[in-house]
Amino acid sequence: MESMEEVMFKAQTLIEALPYIREFSNKKVVVKYGGSAMIDKELQLSVIKDVALLKLVGMQPIIVHGGGKEISKWMGKVGKESEFVEGLRVTDEETMEIAEMVLGKVNKGLVQMVEKLGVKAVGLSGKDGGILKVEKKLANGQDIGYVGNITSVNTELIDTLIANDFIPIIAPVGLDKDYQTYNINADDAACAVATAIGAEKLAFLTDIEGVCTNPEDKNTLISVLTLDEADKLIENGVIGGGMLPKIKNCIDAVNNGVSRVHILDGRKNHCLLLEFFTKRGIGTAILKHEGMLEHES
Amino acid sequence: MESMEEVMFKAQTLIEALPYIREFSNKKVVVKYGGSAMIDKELQLSVIKDVALLKLVGMQPIIVHGGGKEISKWMGKVGKESEFVEGLRVTDEETMEIAEMVLGKVNKGLVQMVEKLGVKAVGLSGKDGGILKVEKKLANGQDIGYVGNITSVNTELIDTLIANDFIPIIAPVGLDKDYQTYNINADDAACAVATAIGAEKLAFLTDIEGVCTNPEDKNTLISVLTLDEADKLIENGVIGGGMLPKIKNCIDAVNNGVSRVHILDGRKNHCLLLEFFTKRGIGTAILKHEGMLEHES
Amino acid sequence: MESMEEVMFKAQTLIEALPYIREFSNKKVVVKYGGSAMIDKELQLSVIKDVALLKLVGMQPIIVHGGGKEISKWMGKVGKESEFVEGLRVTDEETMEIAEMVLGKVNKGLVQMVEKLGVKAVGLSGKDGGILKVEKKLANGQDIGYVGNITSVNTELIDTLIANDFIPIIAPVGLDKDYQTYNINADDAACAVATAIGAEKLAFLTDIEGVCTNPEDKNTLISVLTLDEADKLIENGVIGGGMLPKIKNCIDAVNNGVSRVHILDGRKNHCLLLEFFTKRGIGTAILKHEGMLEHES
Amino acid sequence: MESMEEVMFKAQTLIEALPYIREFSNKKVVVKYGGSAMIDKELQLSVIKDVALLKLVGMQPIIVHGGGKEISKWMGKVGKESEFVEGLRVTDEETMEIAEMVLGKVNKGLVQMVEKLGVKAVGLSGKDGGILKVEKKLANGQDIGYVGNITSVNTELIDTLIANDFIPIIAPVGLDKDYQTYNINADDAACAVATAIGAEKLAFLTDIEGVCTNPEDKNTLISVLTLDEADKLIENGVIGGGMLPKIKNCIDAVNNGVSRVHILDGRKNHCLLLEFFTKRGIGTAILKHEGMLEHES
Amino acid sequence: MESMEEVMFKAQTLIEALPYIREFSNKKVVVKYGGSAMIDKELQLSVIKDVALLKLVGMQPIIVHGGGKEISKWMGKVGKESEFVEGLRVTDEETMEIAEMVLGKVNKGLVQMVEKLGVKAVGLSGKDGGILKVEKKLANGQDIGYVGNITSVNTELIDTLIANDFIPIIAPVGLDKDYQTYNINADDAACAVATAIGAEKLAFLTDIEGVCTNPEDKNTLISVLTLDEADKLIENGVIGGGMLPKIKNCIDAVNNGVSRVHILDGRKNHCLLLEFFTKRGIGTAILKHEGMLEHES
Amino acid sequence: MESMEEVMFKAQTLIEALPYIREFSNKKVVVKYGGSAMIDKELQLSVIKDVALLKLVGMQPIIVHGGGKEISKWMGKVGKESEFVEGLRVTDEETMEIAEMVLGKVNKGLVQMVEKLGVKAVGLSGKDGGILKVEKKLANGQDIGYVGNITSVNTELIDTLIANDFIPIIAPVGLDKDYQTYNINADDAACAVATAIGAEKLAFLTDIEGVCTNPEDKNTLISVLTLDEADKLIENGVIGGGMLPKIKNCIDAVNNGVSRVHILDGRKNHCLLLEFFTKRGIGTAILKHEGMLEHES
């Protein structure tokens, strides 16, 4: 049996969450789910529990997930090699078929975890209800097959599901104008969906602490980054490499109306809850300008 | 800055609340607010914060409050003595006038506290929308004036407010068939309202630990009491005195469809949260039979 | 048994009301209730019956009431002197407490009368649902305590109640940004509410005949006053004294979209009905310009 | 200009109507419109104004009208003789064609008068939306052509129009199962419609004072008739002749749930208003049993 | 029993209709019904079946009909001569009365046919719900009586009926500002209604093949006519005579937002279906410019 | 260009469909999609077009599909042998994983085809929204792994999608009470879904002509089979083998409220349209008793 001090600390914690719950009530939140948090079983459960809690306290979470490592594993199983250009998977017809199957399996696996917690979920791909329309994306000018650039998002199905209290869980697959299937970068998909549905927040679960002025030293983590500051960090090269497209996505999202984009360390248990419901900030928040600081920061 | 352990403990607490939040989502909960919790400023805030949190995580709380001590204070101010028969205030016309004024002040004071937390509230008396209809109540066969027995509850106004996300806060005043004003016992009012609106829970904030087999020894607290057990305790005199009418109210409420009636110690900070959202039980829960134990017990 | 002529005259009266009923169907009407009409028992009933009839024939009445004389009476009961600066009550904490209690009693008394006529009513103060937000008002530059100037009106609760066929009855009490209670001038409150909810009409029940060019001679009553004419009467001093702030309120209301503001003689039985449903005008109507004359004038 | 006494009498009349308006609010009332009240221009306007007022104060009136005399007139114009068996018009194909045309003209004429008063109306026949389904009716065992007995009423169209605040005005024409057109007795149609839509009241505008124990002496008018009493009057022959089928219709309507059927003297101006909104009863009311007396009787 | 080839051809036909059904789903279509198609019994049934099918596959058809020949016939029956100025019927009071009666009969006859197919219909004139408001129309500067020019269309009743799945069938009769009845040209009425309700299509059933460059040679039929082309044909006199006002109506409709106006040959069985659901065009389609060609053309 | 005869035949075909379209309007129809119709590209398109047309003319189709052959193919690709007991696939964890992936791919492929026709579709498995709950199914008493028996169907998600005009396409995968994934027989799933949502029709696309008294001779096809007749055919062994469980499913569905179950030959182009919209029956219809024959039979 827990001590009375512990019990009171618990009550205090719930009360501490009160202003955040009130503030985010009915707000849409897109969670880009990927990286280590998708592989480690304990982290998986931690993320899914966080998302379920967001839903139960009145927010409207939407999950957009990746599945790169799992796709590579199944490519191997059927004796096919994975090939990448500029970080993008070269996607011929058979690769596309395998990718879609694997993403579908991952997708329904997430549905299963959410449903097990007693919360309603629906697994979708960007084909369902015509959510994601794409055109071919070139890698450095080179045709690498069925890799798509999102051209439009149809939010009708997502809106219908949210209005009926289902959590939409979306795999990054879409159709071009001839209804051919394409693979989509999950970060791009999350960003496009967040913008299209008018999300309040977009949270990327990543395998880093956040944005650091010195990536080698996690004590240099930047808690809050305005668009102007982000531009400067890009200019002077602090943000570069694999971080660059992600940050550009974040900037786009903020420019298109998402109030706050979070780069969170998905390797930490309950990173979503800690970011959303406690005073202690986690990772890096990107927002338009300082005036938009939330009270918790 | 808090330590990482503290932070993780907080996350754990929020996650621990998940099944309770899910289970009580959209359920109506009547809180009878009275006793010490209404007088001590810190306890007041603690109760109001708890109720606001219940609302924010998706429950539908309704407050029914008393105000006896405050009424006596104002009786004194205008030079009038308070007189009681069988625990009921003898209520002539002027007393009724003062009682209604004081209850109105207490009522709007609670509205003020809830609104300050950013949650919508409306202060009502049983006159508004004809909520409480009464007939004269005798004390031991004696006419003690405008003291009423509830004969019917019109829930239309309460339902309208709940459906529009206001917390109704109700003072125990009603009208008889000639539209004369009557004073009502707050426990009776809470019980009648809970039954009429189909509440899932009815929680009495009291100045005791709960029901004890030996009232002198709080280690004999009974956590769960079925109707059969309660009947027996009444029969063999363990429950008696001022406790008797309260327990009878509880039994009535359970018999009329309220799943669970709680007798909580209002002198403990956040007793509502602790009871509703943690494994550790507080006070005594009264329910139909053992099979109805909630998972938390 | 009445004669056939009387009966036919009655039918004719009902038919005469037809165009007014059609014209005002579903329109919102704010009635500022105060003065003699609040004290005389017969006048009280006459006003309440009029308001109930407005509701029953399809209009949406809202009552805003005062209670100055009653407050002074109770101040006396607890041995406190009333003090005024520039017609505003100096309001220390205890005075505020008493004022709120008395206004609450008056408020629920009106609810009781409307309910007795079989029409649904809800008694509110400006605290409920955050209806009235204020800031401190100075009297001639002097701090006279908790007397408030309305800064904003939140109509959500009023709209909800109207949509569900309740008549809102509002006491002029509000909260400042720190959620401190303030007393408000009832005329100001009526005017602010009428403007905020988009009322078609605002009717002040007063203790005068209306605006007279010679206040001593009620034969000089002005039936219709345009804004331009009102300005002139203020300029040349015909309107002055206690009348001035009331007329300024009327002008504000008309400028903010209320089609017609009526200054009625609340000492006349059924003055509301006579003004709204018969050809014979009562009191003074203030409107934007002559082109807005209703057919009845 | 009217005197103050007149004005106060008017106010009093409006207030007197208050309980009736409240009681009948949203109730459906079927008015069978026929006889002198359809021919005299002044009476026409009086009836239409009454119906418009019923609508404006919140009732849901439906008009079912006849047109016998007008049909005979047009039969003459095209050189065709009218022929009756047992009071029913022998209706060959050409007669049916003329009857339908004339009823259509009368119908749209009524629409025109209601619309002119600023109230929305729609003219229908029993063909529209399949309202009236019939089978052939024999007169004394004799086939007299397209004269129909109502077999069912489809209320969907009427309900739709009422819900959107139109007054339905219905001509008594229907279709049999082969979709052949039939003429219907207007009393029958009014009765069937009142029963099917669950009307509170059904009022017949007739050319008599009401039911009299001695038809020669209008001082013997019966104000209230219970079903038992009506049966007795039929048995002992007081009710007979043309009155018999009308009274049987009334009895049917009451037996099928219409609370009160009124036989009114349509030759009196505003007979509907006088019956519905004043204490003085007009004509004869038929109801289930004495206990159902309205307060006005 | 039909052969398998026939059966497959049928399936193919249904499938061929798929894109048209999808494209016109929920779109409003006004059908001006007149000419031979109103007289020949077989053509009547063919038109009504077409309209019923449009409704059943998800379109929202509205019929506006004429009745000139039938009116002349009944004028004769009552011994009155028809007289025309500039193609408009001189309409004195009695003529108006007859015209309204005959149009009413035609109107309810169409309702009857639609209802017989199991589809819900309501027959209206422009008086009902104040649909058509008019002013007097002069013929060549000459007053020819109750012939009206449409000044406004109130779509509330039409919208209500459509929303409840009734087909509105409208006779071209209207009221002026004094609520006097007027006769209206049916083409004008169809055009005004189509514009006011925002119809996608307006189809005129006529007694010609469509617009021909040489009216003598039906091989010169123009399938598609843009507004520019129509203007040219009017300028150089190819379109003239009785065709001119009809084409001007079409041009107005297109200019006011109707996407496509069709001049169809009502003498051909199922001309509506053939135009709307097969690749083979019928008659002449008038549209804004070539870019608006539908896929079927 | 097609001949005029062809065109008229087309119009006739559309008109012939009118009574069926009217009759099935808004009715739910479950199509079990499997067998040859899922493999042949042309048949696939034919089925999908039929379903799209059902939707467009107002029915509410739901597809439940299988995927056995495709699963076996992919089992082979990763070097795993398929094993069957009593016609049920032995399903270890890896087989389940592959089956779910393949069914997911098939599922989204169908979505893609429907979307390409301009109709909205959503691909689901029985996990989404908790649609299909199962328990382990034994084959002849033998545990063959993750093969499930449906124990309950949650229709909330299906109902939500239908109400918003999406076609739900469902893969036969479900969860047991521990949220473990199971494979389900597609016929069972179709039958359970049809029963749970209250479908009017359930159509099985099979690789046979229908039920024949002599399976070798397709001229012995039974067009209509009542439950009694079906029982007899089972008793005397005419129905047996692989047909037996399918017919038992049909009988269950009819007993649980599905009006009509069709066994259609999916190898015939547009078999759904021919069955639903033409007089010529296809395959075998199973219904409660002869009295329920539709007009088309």
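Points to keep in mind about this one:
In order of appearance the chains are A, B, C, D, E and F, and numbering begins at 1 in each one.
Definition applied: a residue touches a chain if its C-beta (ideal position, glycine included) is under 8 Å from a C-beta of that chain, and two chains touch if they have at least 3 such contacts.
These are the chains along with the protein names UniProt gives them: A, B, C, D, E, F = Acetylglutamate kinase.
None of the values given here were measured: they were computed from a predicted structure.
Of all residue numbers that take part in the contact between chain D and chain E, over half occur on both sides, making this a same-residue interface. A straight line joining the Cα centres of chain A and chain C is 55 Å long.
If you average the Cα atoms of chain C and of chain F, the two centres end up 68 Å apart. The set of chain E residues touching two or more other chains is empty. Chain contacts in this assembly form a single closed ring in which each chain touches exactly two others. The ring sequence of chains is given as B, C, D, E, F, A, with chain B as the starting point and chain C next.
Put simply, chain D touches chain C in their complex at residues 1-2, 7-19, 21-22, 25, 49-50, 52-53, 56-58, 117-119, 269-270, 273-274, 277-280. Every residue of chain F that touches chain A in the complex is listed here, in rising order: 74, 77-78, 97, 100-102, 104-105, 107-108, 111-113, 115-116, 120-125, 127-130, 156-157, 160-161, 164, 166, 173, 175, 179, 181.
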